[in-house]
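You will see two complexes here that share chain A, one where it goes with chain B and one where it goes with chain C.
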Partner chain A sequence: MRDVLRTRMGWLHAWVGFVGGLVLVVAFTGGTLALFDTEITRWMQPELAALPAAAMTGQALDHAGAQVWALREKGQIVFLNLPSARDPVLRILHYDGHAFVGPVLDPRDGVEVKSRATEGGQLFFDLHQSLYRGPVWGNLMTEAAGIGLIVAVISGVIIHWRNLVPDLLLFRPFAAPGRAWLDAHIMAGVLLLPFVTMMAYTGAVIHAPRLFPMIGAGHAAKAASRAGGGERRDGGAYAPLAPIFAQAEEIFGRGRIGFVMFGSGTVSFYRADAADFAMTRDHADFSAVDGKLVGVTRVGHGMRRLDGAMRGLHFIRWGTPGLRWLYFVGGVVGSMMMSAGLVLFLMKHRRGQGGGVMLGLAETLALAVTLGLPLAALGFLWGNRLLPADLAHRAELETRIFFLLWLGALVHAALRCFRGAVRHGWREQACGIAVLGCALPFLDIVSRSGTGVRLHWDLYLGVDACALGFGLLALWGQRMMVRAR
Partner chain B sequence: MRMTLKFTGKARSATGGLWKRWLGRFVVGVGCAYLCAVGFLFFMSGSSGRLDASLAQSIVVGGLPLLIVALFALPGRGTGPSVLAMLAVALPHPTLF
Partner chain C sequence: MIVLASLVCWGLALLGHGLLQPKIRRLLHVGDGRRGMLRVMRLGLPLVALAVSARLDMPLAILVWVGTFSVGGLLAGGALAAVAVYRRGGC
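Up next, the complex of A and B:
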């Protein structure tokens, strides 16, 4: 092996790709699922399926506003999420450290709809952006992994520069396992090069203040500082929200208000993330007492919208369902490409070194993130439907089920990998995914009976079809592993 | 330096040496690139530069991985004068402000 550019880039691609890849597979898988976080949350609250589709009324908004003010006077920091095409209910939300959770209100009258407590799809969002480790260290890790992904992409392009176009067409799934994995890794990598680079870059820019804390707190801190705390305001009635909402719609346009923040003496109506390509948090502030307009904050044009444009590209909240599905497919293939990279790394080192503790550890971690995470995600959905709806602390229990299953997958992977039965470990976890995924639609139908199960394309069918698809894919994968023995 | 695919004792130690050298080069390269990025950000936030914070972040995040790869690809041994030169360029930036 000569110390030449291509060899160096090979080392950089392999090691940065593997170490970063262990984090990136989690971040990419979590982000892919988080594209449909609202839909997953609704799937996990099947009681809402019985709610007839209805537009929000002024009475509902006023009633919801009164409830929020009452909660704020008790010292709680809450805000009001307005109905949208993706989530046609009112929600009073607070941040529990990982997700925005809270009661669901009927958009017709603002009365609370009895639904189970869950973190829903936001678990995957938090896993994606901070590995569920909080906004400091978690964000820092995903940020570093994002930079690592760009390094791996650049070094990968340098390695394959001469063969980029032929690699697009070359895939031999029935060749020797090493060759098939390499073909899959390279072909998916080349095909998804623009998407993966864009996602890594925009994600890294969004969380850049974590990597460079000396340059300012950025978007999140600005929004938080505007939100204010749950201050008490003694005496006096608050203006009803419905007339203020009408004024806000005149400013930003009909159907373009996303949520309402309540400050000390002010109510702020924020433009919805889906209203524009750039996520700029434009808002109109009104007096909470008489409902008069206090001021309008709009992010200007040009460079000032750059931050919002990065967020818009990354979060795709403005996108149509078709575009979101395209991102989803890109995310799934991207996760598979990274997983294939992990497998290739392990195959190469297993050939070179044989066994060893470090190799066993690497194989354990690779298996736990590649198959253990989807297994835990499916178990999370199962836990949601199997736990009683009115159980105390059920949202935390659901999350605990997810992490316990993931830990179980890690322990199982360690037992198999350190005993030299790696292939068995992969097969068994694939079987687990196949069982949980293929049976999820039946669980959905059984546990949703009484809320009006209908066989047409809706979010329930979408989640069920995806789970079934991943289950069948895992079944096929484990059969391939049996044949390749 | 040449190594065969079959690892003899000598070749294995040569691989280990090369691996450590490249790891060292990578760590130093990442450190240098980070310092350069911090220096650039301080320079741009100063009174003379005045670049929009979002734009500065976008440039830095785009440049940082490129710089890491470029430093890793530099010819010569990792701890050579090229890396020291990069450090010399990067270090004064934070101290200027």
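Up next, the complex of A and C:
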């Protein structure tokens, strides 16, 4: 009975794991990078490195508020993002369909700081959330894959239940390739079981109303909440924002306001996502004309608070840098664990089938998501620094570079896999990651000269060190593939 | 600092757990000695990690404790694998 259950769970784990895994590797890798989306965006706007760290002044806030009102009078839907520890500048943002983008303002006087247009780290957030395919189909795919991950986790635990604890740390890199990959997959999977389960569960719950519109307002509610912006208001001056900001800080606490939304006749100060574990978007509404408090919306206990707690656990915007790095390591190893699962599936079926179109397609897709995606991500960073800063439509061009590189990796993988040179394909893409990753720190130093290399050095060091680390890992991986021939 | 301390505790605890497993002991060519100390490490150090993590606010404390279990386990597993490779005379 137990063996029958294990066999059936093995089949379920393999197929759900492989088909879902192709999407999950993309979602997990994107989500891992999106943990530092703000920092990546700042890395991709090196002009901001010249700005000294300074607190936001009332004059800057008033100036920014006037600019937002002027844009709204022109019919644009924009909001104001306030400085934070992670991003110490003011930003006037609008949603371009994939990311929140817009001009950067100096927190000292509210004057625009010339910086290159980029989607920055939010590209990875959108990739994680909806595979860059929009809120309907993209979201549905990632949510279905998230539920698939829960199925794969449960079936995986049932398969390995007997040896789960004794073999927790058993990794034999010198064993036969299949055994070594299986050891790595199981060890990473079991050690990351709490993290992967939590991320899969919270991710699925957060967007459950999209998957099951009958239990929530779904897309209609989101669309309705976004509507109504950009309306003209006849005549009259707007109240300065600085005194209203002071009132909002009295309500939510000093340094706990994240962004300001502008409605028709009202200004809403929202509590920062980093201010509390539960991401509830509490806000205080003020009259835009005289700055008087209109109302305060706080989420108390109950389902909405629980929803906020799920979001807080998943997005970790309240977390300390240490916790964010723990999530990052979990995300990187989780992506590798899923990639190892894809490789194991291919090894098993290569033995059984020996070749064929379906196997070639599976190998192509596995290679394109496992190594093609990191290659394209590094190429995205390279494109950011190599494209002229004042180029028209440069944000779209950067994004196109990312997707063209990924498409190139897919075509390369197909050429190699369908011609029976799978190992060459893996080695060549690993070499590409090694070159782009190891050389990125040099590109950063060269292309950032004259913009205050010493300022905010920790941010640049973090991105450069990660790129170098992934480059060295890829170099080691391709050397191991050469030695294993 | 608290994250690091919790990570070290979990790493050592899981190292102790690994060294108690017959398969890993055979791979590393280690004898049956010091089992008592390893059991104490395996049982005691996670509690020390919990006590250290509990100095943080909730739920940060729980997330750090669980997160350092994962990363500490990866480090311990990596260390055991590296020793096993070394004992076999390189890979």
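In this section, the second predicted complex is superposed on the first by the 466 of 485 C-alpha atoms of A that agree within 3 Å, B and C clash if a C-alpha of one lies under 4 Å from a C-alpha of the other, contacts with A are read in each partner's own complex, and residues count from 1 in each chain.
Here is the rule we go by: a residue touches a chain if its C-beta (ideal position, glycine included) is under 8 Å from a C-beta of that chain, and two chains touch if they have at least 3 such contacts.
As the structure is a prediction and not an experimental result, all values here were calculated from the model.
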Chain B versus chain C as contact partner of A:Pro166, first or second or both or neither: second
Chain B versus chain C as contact partner of A:Ser155, first or second or both or neither: first
Touched partner set for A:Ala204, first chain B, second chain C, both or neither: first
Partner chain(s) touched by A:Leu24 [first = chain B, second = chain C, both, neither]: neither
Residues of chain A contacting chain B in one complex and chain C in the other: none
Partner chain A, residues of chain C touching it in the complex: 2-3, 14, 17-18, 21, 23-24, 27, 59-60, 63-64, 66-71, 73-74, 76-78, 80-81, 84-85, 88, 91
Contacting residues of chain A [partner chain B, same complex]: 1-3, 5, 8-9, 11-12, 15-16, 147, 150-151, 154-155, 158, 201, 204-205, 208-209, 212, 214-216, 303-304, 306-307, 310, 352
Of all residues in chain B, those that touch chain A in their complex: 1-3, 7, 15, 18-19, 22-23, 26, 37-38, 41-42, 45, 52-58, 60-62, 64-66, 68-69, 72-73
Chain A - residues contacting chain C, complex: 166-174, 187-188, 191-192, 194-195, 277, 313, 319-320, 322-323, 326-327, 329-330, 333
